[in-house]
Amino acid sequence: MTIASRSLKPGYVPQVLMIPAFLGLALLVVPLSALVARVEWATLWRDVTTPEALSALGLSLGTGALATLICVVFGVPLALLIARSRPRTAAILRAAVTVPLVLPPMVGGVALLFLFGRNGWLGQLLAEFGVSITFTTTAVVLAQTFVALPFLVLAFEGAVRATGTDYEQTAAALGAGRWTILARVTLPLAAPGLVAGVVLCFARAIGEFGATALFAGNAPGVTRTMPLAIYTAFNGAGVTQGTAVALSLLLLVTAIAVLLLVRAWRPGSVR
Amino acid sequence: MTIASRSLKPGYVPQVLMIPAFLGLALLVVPLSALVARVEWATLWRDVTTPEALSALGLSLGTGALATLICVVFGVPLALLIARSRPRTAAILRAAVTVPLVLPPMVGGVALLFLFGRNGWLGQLLAEFGVSITFTTTAVVLAQTFVALPFLVLAFEGAVRATGTDYEQTAAALGAGRWTILARVTLPLAAPGLVAGVVLCFARAIGEFGATALFAGNAPGVTRTMPLAIYTAFNGAGVTQGTAVALSLLLLVTAIAVLLLVRAWRPGSVR
Amino acid sequence: MTLREGAASALDADVQIMRGSGFSLQAQVSLEPGEIVAVMGPSGAGKSTLLAAVAGLEPLSRGAVRIDGCEISSPQRIAPAHRRGVVLLGQDPRLFPHLSAAANVEFGMRAQRVSKADARAGALSWLAKVGTVDLADRAPAQLSGGQQQRVALARALAARPGVVLLDEPFTALDPETAAGLREIVHAQVHSTALIVTHDAVDALAIASRLVVIEDGEVSQAGLVREVFAAPATRFVASLAGRNRVTEGIGGSYLGQVAIFKPADVQILAHQRGGSWRARVTRLEQTLVGVRLHTESPAVAVDIELEDLAEREIAVGTTLELWVDPQRVRTLTNA
Amino acid sequence: MTLREGAASALDADVQIMRGSGFSLQAQVSLEPGEIVAVMGPSGAGKSTLLAAVAGLEPLSRGAVRIDGCEISSPQRIAPAHRRGVVLLGQDPRLFPHLSAAANVEFGMRAQRVSKADARAGALSWLAKVGTVDLADRAPAQLSGGQQQRVALARALAARPGVVLLDEPFTALDPETAAGLREIVHAQVHSTALIVTHDAVDALAIASRLVVIEDGEVSQAGLVREVFAAPATRFVASLAGRNRVTEGIGGSYLGQVAIFKPADVQILAHQRGGSWRARVTRLEQTLVGVRLHTESPAVAVDIELEDLAEREIAVGTTLELWVDPQRVRTLTNA
Amino acid sequence: TSTETGEASGSFASDDDLSGTLTIAAAASLGAAFDQITVDFERQHPGVTISPITYDGSSTLATQIVEGAPIDVFASADEANMQKVVDAGLASNPVDFATNTLVIVTPESNPAGIETLADLAEPAAAVVLCAAEVPCGAAAHTLLANAGVEVTPVSSEQNVTAVLTKVEAGEADAGLVYATDAAGVADVLTIVPEGAADVVNTYPIAALSDSSNSDAADAFVAFVASEEGQKLLADAGFGSP
């Protein structure tokens, strides 16, 4: 925003810190290459192009995208609410939002099952309308939403809070109503945080396994997403885990592609 | 920093948005209350005070804290590296960091096993020094670090990037070296992001199940953390799953307590 | 009540603010619709705080701010900003960083449902007035400090609020540019305006009335020329480029306040009736020569550069000073 | 080369910068150790860009910046900031928001391994000099605009860099406070300094030399009084409070440049030798009266307020003007 | 609802007013066998379509069924989990249809030289077992207790797959798993320990009472228990009850 920020120079990070930085990177990347090393290249193409694999991938991408959309619809307002609450209220809300992160996803699945299942509060209610959610694709989306929502909320809330309210005040004084401010000031200014939140949210959604397995089951074509397909392949009586590794690779490559794509979309950065 | 930011008024969020915000909150909180509703209060106290439960809780907190510490040691430099890289490099590094989020933790566990296992690249190397990692508490910490590190890196990187380099430039011009700048300018200014990252990281670490189960196994007192204890209880032959629910509640309450505690520690906020 | 197209509002502010830091502000200003009033005062006196309070950005401890009789701020509640009809241009221009200069200026008009084309035309005309029309498509980060300030001024005025508050709008500008903008604000602003400035010329050129704030309190208020002609405090006198002395200048003005120009003080070779001795504490260069500052009483004396060398004046020199009683304006000491 | 305790450095900057926006800057300045040079120019002329380039914050397209003969910036590389020995106080004070005022001022000293106690003492003494010592423990967000600027000035000076660059350091301050600070910068800064200002008094009071930048190029440079005495452009003349006219004033100055004060222009009732007719385009209030602006030639005329009423002058009036040749300084037209 | 009944290609007389779809949940270890059984059953009852079977841990499946999963037939790997479903009033009279026994598995190279159950007690040997809480773990503990061998496992895994993975990866020197699980795995050594036949794990199957297609569900249960079904299970390494 000022002349100083035009500088091309990197910041002032002590160079010794590059050692732990690369170690950290290695910690994340090397195990994955160990995985790639186990790929059986001979059968790879066949494994990843079976109708089951492709249907699982399609289901993952579809449900993941839908779950992300739902997260945006509910998460953006929730993040705004938290960002604009008094510190104490915000801390409590933030803790509530963080809890699903702490619980092993399986427990989340159980909780969802207890809620939407035949004996659950909501399940009973919905049953009266002849609607059953568990073990449908809807359940997959719900489970993904449950585990991925915290990511979107926390990432976006941070961005909104960091942006502050000064520009909003200015916009309001210029006569803008709440919706105009939201659309033309708050969202554009916090856009990088929203993009980051969407990426994290989508990543978590398509990687979701535990809650889905319990709440949605593992029915091919309906609820068997990539992680469940990998799990099934892995648990199968087959001789090698070749298929499981191949599917993992497929998920990995798809995820990287989507991530890089989204990053490329990045709107004209504000800073 | 200016008079406007002294304002006590909340921002300008359209009030209708409170509806989706509360629905989003409900989506996260109501399933957990469905879980709480299934608690068998009669046996709750007994269930959560068994030596096994307490040892699992202690192990979880201990390994979670250690993993978080390791994440800070490696993740903070990594986040700084990404934040100060050119946009393209940063996008690639960020994608690499995000990948472990996408993979079902189970796959991460397999990858770690392939790397640190007896036949893994590193495992073989370590074996020559008589070191074996699998089935030890070290493996638990490693698995947690692997899944939790991305959270710390992404949260902190966002905060560092948002802070910009202007203050660092100013500090350098005043004669401060890289370490002084890091300690006195960069870290304090990005502190809220670091706190957020630490919270997410710790939350993810103590909730970690899949990778731990595969890579570290499930030995009481050594590698059986809370999520594994919950899973074991859940798979137990008991008819009611009361113990599993009780343990989930214990984990949940502990997590909330820790989250609120950390939030309370929050250093004198910068903005 | 929302922003009305170019209709100036009456402003009536009774502001009392207590801050934890020990600072407290107590000020009362009323403006007729369309009136322009200047606010001056030393650094830290509370000028920005007053503007923030009027804008509804700073909660009141006591008092109220009314616009056209309608209370927009009181200790109990503050109306939402888009209901206030007040635009504040703060010391920081705070342009929206993600919008171009033109889009920044359009913002207020668009928010008031002016059509896209009209808003664009309006924005360009305002940018032309402040001399930055060729920068219309630049991002704020690509503007110089003064250019940013001018665009922010255009944005505030283009919104045609009922009341506009300008906090040091011309400070980052060279004298020529500043004079041009002063002219525009004076002639083309139809809003009621409260303008904080450190430059007496701003007050003279733009404002009908002047409010001087010192240490959180209004030390003098009135028509600009009258305030400058009869400064109530040393600070006001210095703004007006005058000495204000209450004692120590030769006994002739006992119990009175003497107001005179630094240029009217004469340096004598010998004592005479009404002259006084004073020690030079500071020398200051000015465009026309040098200004000497003396102590007990604190009096500024303007002399030509040649005189300085001739008389060998330096800090510490003691001088015999005299001012022609005809050039002195006397006030009764309050 | 790091910051040396109070040792002023020689600065030699040859700066050429081309911006995508079409703006290009070309300026060359050399300062002896300890010298203070003022930089003036219209808004957007490139003053801040020059300072940023000298500070190593803006890469050069061509040229080099040398401090004590050591190249700190060239198109190929820029030395890391803590090796440059240059401190820039920008238009934005940019105080560290998480540190108190005192801790901000201590920062430079602490970074140079001054002991905690000494740094604290030094900080308090600098805060006292800029008049904010009672605000030592406040966070920057709790300071007024002018207070922030003063603390930032104290921080820059307390670091005792070899070269200090000040971008409009006194703008947000009332005249009294500004005069005090001017004094301090003049007397107590042992660094070599480049100061951007819009106020001619700053240049006169503080600097030995003046560099005027217009539209990316140095339009005039030299000793301050000499530049003001013989302004090379209309802008410089206006800074010096002078008219600069090359034609149209009665033929007497054909082929020459006439420099004279607005106060020396007389309004005549009738034409006479050397007088000229001009139309009033603008009236501007000043502390001592009114300044008339006339067109073809563009000349400013200062008159007393009473004269204005008496002669019934308004925008559009045509006047007969004359200036005593004895009060005119002539330069040969370059 | 008479679909293209056609000529039943199977030998059994087909009481072929059976039609509709059938949803089956089966323990993960039944995977290979049930895939084959499905094919044969569908050939016999062309009117019936079996949705792809959901395989998972018995405990997970039981929970899901109790909470309302729309399942017609449940085949459990142990009686306890079937009992949960029965207790919830969702099934009655489960039929035991298969048994499974434990084997020792070691990496191909058998680095610890394991030959008998007693060798598992060797402190140098890294042994993994299923957790006592899960069916295969309960069986393993009984087997070891019967043999009077005391083993301290380095890890109590959550399921058979986890045990197999660790042995396969060479992490563990030995483990106890079901014979059927070991059957398909190439790079492990399988040892049938003494006394294995005494510790039998029984698999019950039941048609669920709220099935929307109970005729077909009953027929499937009957088919699994039939000679033909038993043969397919035997091929996969299961014993008969």
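Things worth noting here:
In order of appearance the chains are A, B, C, D and E, and numbering begins at 1 in each one.
The working rule: a contact is a pair of C-beta atoms (placed from the backbone, for glycine too) under 8 Å apart; a residue touches a chain by one contact, two chains touch by 3 or more.
Protein identities per chain, from UniProt: A, B = Molybdenum transport system permease.
Source: prediction; values computed, not measured.
Counting steps between touching chains, the shortest path from subunit C to subunit E takes 2.
Set against the Cα centre of subunit C, the chain with the most distant centre is E. Centroids of subunit D and subunit E (each the mean of its C-alpha atoms) stand 88 Å apart. Note on chain placement: the centre of subunit A and the centre of subunit E lie 35 Å apart, centres being C-alpha means. Between the CA-based centres of subunit C and subunit D the separation comes to 21 Å, rounded to the whole angstrom.
For subunit E, residues touching at least two other chains, in rising order: 63, 159, 165. Annotation for subunit A: residues touching 2 or more other chains are 2, 4-7, 9, 12, 110, 114, 120, 166, 169-172, 178, 234, 241, 271.
Contact of a single residue of subunit D with at least two other chains is seen at positions 48-49, 57, 80-82, 91-92, 94. By the touch criterion stated above, subunit D contacts subunit C in their complex at residues 21, 40-44, 48-49, 91-92, 138, 142-147, 150, 167-168, 171-179, 182-183, 198, 200-201, 204-205, 228, 235, 238-241, 282, 284-288, 305. Listing the residues of subunit A that touch subunit C in their complex gives 1-2, 5-6, 166-167, 169-178, 180, 184-185, 188-189, 268, 270-271. Against subunit E, in their complex, subunit A makes its touches with residues 110, 113-114, 117-120, 123, 132, 134-135, 213-214, 217-221, 232, 234-241. Taken together, the subunit A residues at the contact with subunit B in this complex read 2, 4-5, 7, 9-15, 17-25, 27-32, 34-35, 37-38, 73-75, 77-78, 80-81, 83-85, 87, 91-108, 110-112, 114-115, 120-122, 145-146, 149-150, 153-155, 158-159, 161-162, 164-166, 168-172, 178-179, 181-182, 186, 192-193, 196, 199-200, 203-204, 206-210, 226-227, 230-231, 234, 241, 244-245, 248, 251-252, 255-256, 259-260, 263-264, 269, 271. Of all residues in subunit E, only 23, 25, 28-29, 31-32, 51-52, 54-56, 60, 63-64, 66-70, 159, 161, 165, 180-181, 183-187 touch subunit A in the complex they form.
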